[in-house]
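First the structure, which I've put down as structure tokens, then a few questions once you've had a look.
The first chain written gets the first letter, and so on, giving A, B, C and D; residue counts start at 1 in each chain.
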Amino acid sequence: MDIDKSTLLEMYRRMVRIREFELTATDLFKRGQVKGAIHTYLGQEASGVGICMALRKDDLIAGTHRSHGHNIAKGANPKKMFAEILGKETGYCKGRGGSMHIAAFETGSLGALAVVGAGIPIAVGAALGFKMQGQKRVAVPFTGDAGSNTGNWHEGVNMASSWDLPVVFALENNHYGVSTNIKYTTKIEDLSIRAQSYGIPGVRVDGFDVIAVYEAAVDAVERARSGKGPTLLVTESYRLDGHYAGEPQVYRTKEEVEEYWKKDPIPRFRKHLMSNNIASENDLDGIEKEIKKEMVEAVKFAKESPQPDPDTAFDYIYA
Amino acid sequence: MDIDKSTLLEMYRRMVRIREFELTATDLFKRGQVKGAIHTYLGQEASGVGICMALRKDDLIAGTHRSHGHNIAKGANPKKMFAEILGKETGYCKGRGGSMHIAAFETGSLGALAVVGAGIPIAVGAALGFKMQGQKRVAVPFTGDAGSNTGNWHEGVNMASSWDLPVVFALENNHYGVSTNIKYTTKIEDLSIRAQSYGIPGVRVDGFDVIAVYEAAVDAVERARSGKGPTLLVTESYRLDGHYAGEPQVYRTKEEVEEYWKKDPIPRFRKHLMSNNIASENDLDGIEKEIKKEMVEAVKFAKESPQPDPDTAFDYIYA
Amino acid sequence: MGKIEKDATSLGTLKPTMSSDLIVQVKKGEPAQELSYQEAIREALREEMIRDEKVFLLGEDIAKHGGAFGVTRTLFDQFGPERVRNTPISENTIAGAATGAALVGMRPVAEIMFVDFSGLAMDQICNQAAKLRFMTGGQCKVPWVLRMAQGGGAGKSTAAQHSQSLEVWYAQIPGLKVVMPSTPYDAKGLMKAAIRDDNPVIYLEQKFLYPFRGLVPDKDYIVPLSKCDIKRTGSDVTVVASGYMVWHAMKAAQQFESEGISVEVVDVCTISPLDEETIGSSASKTGRVVLVAEACRSYGPTGEWGMLVMERAFEYLQAPVVRVTGRNSPVPFADSIENGVWPDTEDVVKAIEKVMSY
Amino acid sequence: MGKIEKDATSLGTLKPTMSSDLIVQVKKGEPAQELSYQEAIREALREEMIRDEKVFLLGEDIAKHGGAFGVTRTLFDQFGPERVRNTPISENTIAGAATGAALVGMRPVAEIMFVDFSGLAMDQICNQAAKLRFMTGGQCKVPWVLRMAQGGGAGKSTAAQHSQSLEVWYAQIPGLKVVMPSTPYDAKGLMKAAIRDDNPVIYLEQKFLYPFRGLVPDKDYIVPLSKCDIKRTGSDVTVVASGYMVWHAMKAAQQFESEGISVEVVDVCTISPLDEETIGSSASKTGRVVLVAEACRSYGPTGEWGMLVMERAFEYLQAPVVRVTGRNSPVPFADSIENGVWPDTEDVVKAIEKVMSY
């Protein structure tokens, strides 16, 4: 597949934006400035970016508890995201949702849902809505490896497949559900096999390789958009941080984690861009610098923003 | 597989007992003597009998809304069953359950559960209990084709497979969930494919052929009992009656149903027994006569039995 | 297909057990026709589907088969498979898919056959649909209706997993509206209001009431959500009830007429958000209150209603509030013990006598 | 591993917000040790697992990780992977598997991390486990315990899908028992009683209370199910509360001591079946009642408690019952609006003032 330079650079930008966002958020968290837990996307940047870059703005994603990365990959603004995770009125959800519930309808993110698997039926329904309205839009629910063991997942993939709905089921295998390696809760190693249960294609790609993810996603999205029905897209990567920032990780060894840091998708993609003469070291350094500045400004914006007015406590409960 | 004569005759006896039970129950129903709905097992006798005859008495089955047949196949007494569906104190469930909830712990039926899919997690748990107690017992949850689309089904098969539990998942494809042909709600035709999602064997047999079912069940049960884990066993047959007795069946043609009556498992097995000199026409007629008499007595017993004493209304809510 | 066939349910043909004269909601001379409760629901669906092409139905066996109780019969023929959709047996996903479709501009009316099965769908209903608007700070709305048949009835015993009244599960969750019509008039008007409402609405159909007939205006009308309806005005005692229980209340009220006791019947046709004002004023006016609900007694809806009377009408109370409720028991199958699991008219009569004679 | 680390939860180390002197349940001189609420639960589990090899644990990440709040930490090391079982993310199947295992002689203690997720498991809990004994006419029993963390707290904002109080969902279902301990003493004693009970018991752990410390006897003891516990006797006003709210009630009671107002605090440590007698007598004695619950106001537990006071103590009431409850709202994330979503001591104080000054 021929991917144009601006797309490649935008991929890099978004991956770095996710990385910097998560590092900054973790830092804020460790300094006690974020209430609630944050679940970072470190190590999985190529997966979310590869998939979301294959989408149009008006396509919709549904997230999970771990969706900072999905939102940024889909184009969300770090300012409004930091404001949200600090509980500010200027956040995407006006401080009502926090880290686990960031939705950004303006960029096509229908919300991060913190009940594992909950985004699936909703995305399936959105795809049904697209189809019924003759819109050529696609819905992408993200799930983790462990999430694919939920009843929601089975029901949702089955319904979408039997109605040929425009869905790409993104299954991000980072090998852990909290403390439990997927090998203890699922007998098969290649989760894409599960597609066969629904008569749809199952594709498995290296989730550290943004280009591989992107190419697979483009195919799956194209299939969905043209009315041929859903695809199960499994990306294989790793959760480089604990389940949440600060989580002690008693269930795995430091060595295991270090081994996976060697596969870090960002340096790998950086190398690719440089060795293929798509960007110079300077270009990429520039992007990183720019993003770092963006983060500083975003945090400043968030910190300076007001919390919701207590008088508005009852807003948004009913339409 | 060499199946001894007494086993074959017992299979025939149970198939006929189911058939006669259902015809008698339908007759009672049409004369307004049964309250509540009854869901008959006509056409599926070979499936339940083939599976349950492969079980020991202390193995457990979990049923569905359509479990008269499963109970009889597992050895239940038609007297106590009729008493139950007429709401009598002498019924298996002392009239508390009715047709949809017949449990017969004395013969290894842990209960018919009328929420589709509900028996699966429970059977999985029973199998876990067997395993933890070092008992070499097997649990068999029955589900219909449509039931395999429930979240319960996926979660249950996944859990049982990841723990190598002694379960045989009996999936009885009678092609309909109420009014909906399975082809409209599931994209694949061969449901046994779904076993691959859990790394367990999936077997598909002709559910009109009691011997084929029995042989497949013996293998699956043996696998479970010896600690090798679950099997998905799909039997293909047909629901010859409506979803419930008296249901108008506006969604399928008379011709379709008539076509399937030609596959009626009982005459087919009868022919097999005779042509292989296992039993004479006389022997089989004798069995049928005996069963018909049994039914008359069972109905009489049920009708003459008392309803529960209203003073016992609060019994069995708590242990 | 004649009227009677339309009224047949999957569990046998039902007959109403009370006279429709007990509740009259159409003015004399107003163009109207008599419909059964289930026909009223069906006609509301039909009219709304004609009015707004975003409205569609999804659920198990609702198409040709017309649903377990025949409510959606004929709609498949009229609107086709896109707008009258049979789903797989996947309750949580039915509710969730309704949410997703609603988020992108559709107005789904989903069905879960029996409220009992909604135990499988509580996450999508209560954690997702009910909270999405709030959690996203108002970025979206979730305009759907979820139809579920609830309570006893269906003409015959359906036992413990097909007979529950579970309105409290939903009423406890802010973000949901919960309605429970008691008449064909309300069934139609509340359905139309529910479909046009921008929030997720739980619409609880009373199995006992499906065959009940009553006049329904020809004109387009809605019954507003969030209001109790005074089905009968009175001055001596207030009976607060909902769903089928309203009929027992009305019949009991009628019986007291001859004795010169004037009974007001307040129909909690919208269970949540609760119209506290109407219940409170009625209780303040009469000073004597009976509460009637089919759900199990403990932690059922009568608790909330009673507490509300306490809060709003304590100083006017001339007797303790008395409640008449379903037994604290799973629903049994056998007649002898199923009888008595739910309140009947006599129970309401006795309760009225009790508060009157305090 | 020191004490403090044991008390750390997945969402940060918590500090109790009230003095443990407020509630003393161990007699002077009785051999006892101070445990936190979560340690008390853990020790109950440990002792019961030693006592009865049929007792085992299943749930997500309860093994090495020790569960989301560290409650089961160290049990995996002691009892191994057979008896401390990590499950797939399959809430309905966790509950159902517990039922199946219980049916064949085991005594499972299952965990659903947050009560919020139990929306996925309501079918197995409420339709299967709760009803199996009844539906089968007593052929079986279902002796399990289902642990779920509920309510606000966890030291930090967890927003709308990790903060609910949903005891009413379960309390409405006959066949289940529902307990909600407020102290380490009760946490241990109720857990032991729950494990030994032959019915499915919903055991709701209060996130706010995990770090709270209190004396727990060394001896084997149980706190009986089905009883309210009078945490403080008084004669002027009764405060009925459960879970964390008991602490607000106790603190408020203490504040009134100096004013010569004697407050009785009734802890509804077993929510269902409800000990109507204890609440009724206390209300009759004092004639003034305040109800406190963390759950949303409408159709929450206070409705039932209030109605009960109406039924059992009406003629003794000197003021309308006042309730203090969670706001009718999904739980928001931001401090400014999360503050105030749940009752605090001041709210209880005001309510007591209100009933005293009526």
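The rule is simple: a residue touches a chain if its C-beta (ideal position, glycine included) is under 8 Å from a C-beta of that chain, and two chains touch if they have at least 3 such contacts.
Please read all numbers here as calculations on a predicted model, not as lab measurements.
Chains that touch both chain B and chain D: A, C.
Leaving out chain D only, every other chain stays linked by touch in one piece.
Farthest from chain B, judged by the mean position of CA atoms in each chain, is A.
Between chain A and chain D, the centres computed from C-alpha atoms are 36 Å apart. Chain centres here are Cα averages; for chain A and chain C they lie 41 Å apart.
Distance between chain centres (mean CA atoms), chain A to chain B: 45 Å. In chain D, the positions touching at least two other chains are 87-88, 90, 92-93, 116-117, 119-120, 123-124, 127, 134-135, 159-161, 174-175, 273, 328-330, 332.
Among the residues of chain B, those touching two or more other chains are numbered 93, 95-97, 101, 113, 115, 149-152, 155, 158, 162, 184-186, 317.
In terms of which chains touch, the assembly is arranged so that all chains touch all other chains. Within the complex formed with chain B, the residues of chain D that make contact are 56, 82-83, 87-88, 90, 92-106, 108, 123-124, 127-128, 132-143, 174-175, 177, 198-199, 273.
Every residue of chain A that touches chain C in the complex is listed here, in rising order: 60, 62, 91-97, 101, 103-105, 110-111, 113, 115, 118, 120-130, 132-133, 135, 137, 139, 151-152, 155-156, 158-159, 162, 315-319. For chain A in complex with chain D, the residues that touch the partner chain are 35-37, 87-89, 93, 95-98, 100-101, 113-117, 146-147, 149-152, 177-180, 184-186, 243-244, 246-247, 250-251, 307-310, 312-314, 317.
Those residues of chain D whose C-beta lies close enough to touch chain A in the complex are 10-12, 60-61, 63-65, 68, 86-90, 92-93, 116-117, 119-120, 156-162, 327-330, 332-337, 339-341.
Put simply, chain C touches chain D in their complex at residues 92, 116-120, 122-127, 130-131, 134-135, 159-161, 166, 168-169, 171-175, 272-274, 295-296, 298-311, 314-315, 317, 319-323, 328-330, 332.
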